[in-house]
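Below, each structure is written out as structure tokens.
Presented sequentially are two complexes of subunit A, the first with subunit B as partner and the second with subunit C.
Let's look at the complex of A and B:
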């Protein structure tokens, strides 16, 4: 019986530590003006998803992730859309979509496997990507 | 004699570097730079530039870039043509009225 309780306690501890090893942040913004989004994550498994839709504002997102696996998804609609993402880990994935008059994207990834996808629709588009493996 | 060999080696290295990964309009070695109208993309990846896989498609108003080097992969799509944007991709509030 005692042994069973010990196993249960260990299982609970493992579950709680696994939960703290994950970080998931989702930000959705709609309106004439949207606030700049800043996300910092340093768990083992990090996921950030940002959706910004504005008709007259300037969607801005800044995301920094440090962990084993880092995933970012950003979708921005606005006259001047910009984002900056920094990822450091083993596996880094970023998928960014921007629609507006001016779109700007800065992506920095450091890890064993880095994947970055950027899609931009705008009158002026700029993408800067830096990827490095150890 | 040694300096001659060194010079040949340097020339070979530079030649290989400039071919490596088809760096695009500008850039060299690990960096690919593509400009198309008002769009610009700059990709820098670590790894052996001679092993880099680079695909660039440039048309008026549209740019597609694929670059893979080692464990790094970048895909960039840029368009300045609103006609390429599927209407359903836009939220209703941003769509132009249909005529």
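Let's look at the complex of A and C:
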């Protein structure tokens, strides 16, 4: 009986460790107005995917990731699209796509291997990328 | 004839872009389509930095800054391609070897490349109407 409880405890501990080892968040927003998206992830493996589609709103996404592997994908369609992403870890990957009248992107990556890709379609496009290795 | 020349330059630029894209410590690609395009990239890497910026629009402004060490050597590679009425490209590289390519097609083109390192190479192609 004790052995069974021990196994159960170990299984619960393992499940809880596995849950904190990875974090996956997916946000999809469609409509005339969309809410600002803020994601903070601090697991070992972090994935954030944001899709915002609006006709008159201002898609805004702010993502912060701290972990070993961080992956961000953002796709925004709206009159004024903006995003800010900060990643800190060993491997950082960010892929950002923005379509709108005004697009703005801020990407900061700190890690051993940093990969960033930004694609913007708009009347006024601005992007700032900072990448650094420790 | 001039149109053919532009096509050749464009193909050359994109061929260089495709051939020089490498996976580095820091790798960034910026692609912008619009009336006003502004891009700024700052990279600080130990082994290698690679930045590629392509802008298509009326007014284009691109700045690529790459910091590395001369010993041990940090490979810096920067590519800027701009098509528009007015294009400005600025490249600052520290490390070595440093390579940069700037291709600009438009009425007013300006490029500034600053390289500090043991082995530096830069190529600028500008074409106007």
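As a convention for this text, the second predicted complex is superposed on the first by the 118 of 134 C-alpha atoms of A that agree within 3 Å, B and C clash if a C-alpha of one lies under 4 Å from a C-alpha of the other, contacts with A are read in each partner's own complex, and residues count from 1 in each chain.
Operating definition for what follows: a residue touches a chain if its C-beta (ideal position, glycine included) is under 8 Å from a C-beta of that chain, and two chains touch if they have at least 3 such contacts.
Predicted model only: the values in this text are computed from it and were never measured.
Visitor: Label the relationship between subunit B and subunit C on subunit A in the superposed model as either fit or clash.
Guide: clash
Visitor: Return first, second, both or neither, reflecting whether A:119 touches subunit B, subunit C, both chains, or no partner chain.
Guide: Both partners, subunit B and subunit C.
Visitor: Please indicate which partner A:53 is in contact with in the superposed arrangement: first for subunit B, second for subunit C, both, or neither.
Guide: first
Visitor: Examine A:131 and indicate which partner it touches, taking first as subunit B and second as subunit C; both and neither are also allowed.
Guide: Touch status of A:131: both partners.
Visitor: Give me the intersection of subunit A's contacts with subunit B and its contacts with subunit C, in residue numbers.
Guide: 109, 112-133
Visitor: Can you list the residues on subunit A that touch subunit B in the complex?
Guide: 30, 53, 55, 77, 99, 109, 111-133
Visitor: Per the contact definition, I'd like the list of subunit C residues that touch subunit A in the complex.
Guide: Checking each residue of subunit C against subunit A gives 23, 25-47, 49, 57.
Visitor: Given the complex with subunit C, which residues does subunit A contribute to the contact?
Guide: 103, 107, 109, 112-133
Visitor: With touch defined as at the start, can you tell me which subunit B residues reach subunit A in the complex?
Guide: Touching subunit A from subunit B are residues 38-47, 69-80, 82, 84-85, 89-91, 93-94.
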